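As structure tokens, here come the structures.
Consider the two complexes below, in which chain A is the common component and chain B and chain C are the respective partners.
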Partner chain A sequence: MEDAIIKGLLGLTVGFQHLLIDWRNVIMILVGGVLIWLGIKKDCEPLLLLPIGFGCILVNIPLSEVMMKDGFIRIIYDAGIDTELFPLLIFIGIGAMTDFGPVLARPSTFLLGAAGQFGIFLTLLLALALGFPKLEAISIGIIGACDGPTAIYVTSKFAPQILGAVSVAAYSYMALVPVIQPPIMKLLTTKKERETIMEYKAKPVSKTTKLLFPLVITVIGGLIAPKGLPLLGTIMLGNFMRESGVVERLTKASENEIANVVTLFLGLCIGCTMVGPAFIKAQTLIILALGFLAICLDTVCGVCFGKIMRVVTGGKINPLIGAAGISAFPMAARVVQKEGLKYNKRNYLLMHAMGANAGGQIGSVIAAAIMLAILAGMGVI
Partner chain B sequence: MSTEVKSPIPGKIVEILVNVGDQVAEDEEIIVMEAMKMKNPVYSTAAGSVQEIKVKEGEEVNEDQVLVVLG
Partner chain C sequence: MQMDNFTFGITMLLCGMGGTLVTLWIMSLIMEALGRLFPYKPEEKKEK
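Here is the complex of A and B:
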């Protein structure tokens, strides 16, 4: 009898004993704590970092069954991440939130949105050179899209084993855009270039244009890159609903309720991919480093393209807006506005940067779609 | 000679930092406006005294709309 009681009580210490056996779980519980701290104290993407951090703690408690077969997060993971459903649902919401008006008013800014994607391809080449398998290299490059859902979509499809590292990199760098970009922008431009004033004149965009845009992009994009159609199609569906103006309830549901619920599930699942023994290895650090590089290279390409546009237009373009050609919306555009104003108090680049930024939003999705199409053509996938 | 400070972008006036009669220096922040959910400072384009404030807090303005007249 006494024996049984002691054995029973000892059973309560099994978790602690395991904690001592594998230190990596302890580290990851601390990492989860840091992510939560960043979200709460530093206001760094709290909507994502909080559930990710909590998920990370949940899964690293020894003997945790949340990610085992039939564990509650495993069920959510299999339903939403394994099937790539969650990022796509988020995309409907993003489409519903985004106003492509500034790009349509000035189609040239769309080119900056395309230039800002070159970092993806440069990083892909680098990852290949470092010996990452093809499918993992693609997933690492896509961090450079600076777009969480795109990164999750591509990675969960082709390299789910590195999903944790890739998504943490994508989301934390997105939050770090205001820190990462300004020094690069300053380094690459001359004082005179940074001080270039770009006047803003609103150009009305007709409703027909706004309605046709998502339809045309879906059809043409889909024909060019059928593999990327789910990405393009969902973002454009959301935008079409928004611009139609007749399904406000659906638009609101997509950008609020659906996006919120999915964000919670997505964050939890990603946190739960960060299991100590699988996460703590040199490879994770390399992925984080390459992701950082990808975003820097995006900024470099965007700003350099801005410089080219400046020459072509005879000095009318401020190259700083090139930095907004990434998908981190609207952070990148805000960074450009702030930097522009810093060098010239008469300079308001915000609306131009918004154009480039919205262009970057589609640009990253199109870049991912094209990459998938090329790989399909090459027979890799 | 009076100078007009115009709105650089479309947005909403969040805060007016000067009163009529105030002396302002060039490049002094006189108005805060919100555009694209971001607060942006508007700086005075010349030194002088504030003759007239043409907008109210909370008002939506277009680009090139006169905000403040300096004299």
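Here is the complex of A and C:
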């Protein structure tokens, strides 16, 4: 009887014993706490960091079975991440939320959205040089898309073993865009360039154009890069529903209920990939550093492309708007507006930057689709 | 045949950057064309 009681009581301490055996779980529980703190106190992507942080704590509690076979998060993971379903559902919501009017009014700003993706490919090259296998290098480069769902879609497909590090990097750096971009923008431009005033004349777009836009982009993009059609098709479906104006219930469900539920599940699943022994290694730190570099390179390429456009247009373009060619929407456009005003109080770059930013959102999806098409063409996937 | 990392990286860099730029350029031309084919009419504002 006494023996049974002692054994029973000892059973309650097994978790603590295991916690002391592997210190990496303790570190990851603290990391989870930091992510939650960043979300709550610093308002740093709370919708994602809160469930990611909590998932990270859940999975690092010793003997936790949440990610074991039939564990509740494993079931969600298999259903939504393994199948690549969650990022695509999020994309329908993003499409439903985004107004592509500014880029439709000035299609040339679309090109800035292309330049803002160059960091993906430069980082891929660096990752290969550092010895990462091809498919892991692809997943690391895609952090430069500055687009969480795209990064998750590509990584879960090709390198699920680094999904935690890539997702955390993608979402954290997206939130840090207002800190990362301004010094680079200042460094690469002259005072005269930064002070360039870009006049804005409101140019309304017809409903027919707005309606045809998602359809045409889907068909053209799908023909060029069929492997990336799920990414492009879902974002365009969301936008098509929004612009059609006849399925308000579906549009609202996509941008609210569906996006919210999927965000919760996605965050939890990502957090649960951050298991101490698999996450705490030098490789993770390198991935985080490369992700940071990818977003810096995006900004560099965007601003440099803005400078080229300035030369081509005879000085009419303020190169600062090039920094908005990334996918962090509308944060990057706001950063450009703020920086423009800092150097010239009469300079309102917001609407031009919104065009580049909307272009960056499509650009990130196109870049990922192109990447998949090239990989398929080379026979790598 | 297994492609070495250097060739793979350079191919991805050139085709990826070039492909993205060209695709978005084509799309910008299409958008320009759509804008011209279906210009905004002031009546649309009234309809809203």
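Keep this in mind: the second predicted complex is superposed on the first by the 381 of 381 C-alpha atoms of A that agree within 3 Å, B and C clash if a C-alpha of one lies under 4 Å from a C-alpha of the other, contacts with A are read in each partner's own complex, and residues count from 1 in each chain.
We adopt the following convention: contacts are C-beta pairs under 8 Å (C-beta built on N, C-alpha and C of every residue); 3 or more make two chains touch, one makes a residue touch a chain.
What you see is a predicted model, and the numbers here were worked out from it, not measured in a lab.
Touch criterion not met for A:Gly314: it reaches neither chain B nor chain C.
Using the contact criterion defined above for the overlaid structures, shared-chain residue A:Pro330 touches chain B, although it does not reach chain C.
Judged by the touch definition given at the top, the superposed model places A:Met354 against chain B, while chain C stays out of reach. Of the two partner chains placed around the shared chain by superposition, chain B is the only one that A:Tyr200 touches, whereas chain C remains out of contact. Of the two partner chains placed by the overlay, neither chain B nor chain C lies in contact with A:Gly11.
Of the two partner chains placed by the overlay, only chain B lies in contact with A:Arg346; chain C stays clear of it.
Considering which of chain B and chain C touches more of chain A, the answer is C.
The contact sets of chain A with chain B and with chain C never meet. Residues of chain C touching chain A in their complex: 3, 5-6, 8-13, 15-17, 19-21, 23-32, 34-35, 37-41, 44-45. Remark: chain A residues 103-105, 107-108, 110-111, 113-115, 117-118, 120-122, 124-125, 128-129, 134, 137-138, 203-209, 212-213, 216-217, 220-221, 224-225, 359, 362-363, 366-367, 370-371, 373-374, 378, 380 touch chain C in the complex.
Residues 200-202, 330, 333-334, 337, 341, 345-346, 348, 350-351, 354 of chain A touch chain B in their complex. Residues of chain B touching chain A in their complex: 8-10, 27, 35-38, 40-41, 43, 45, 62-63.
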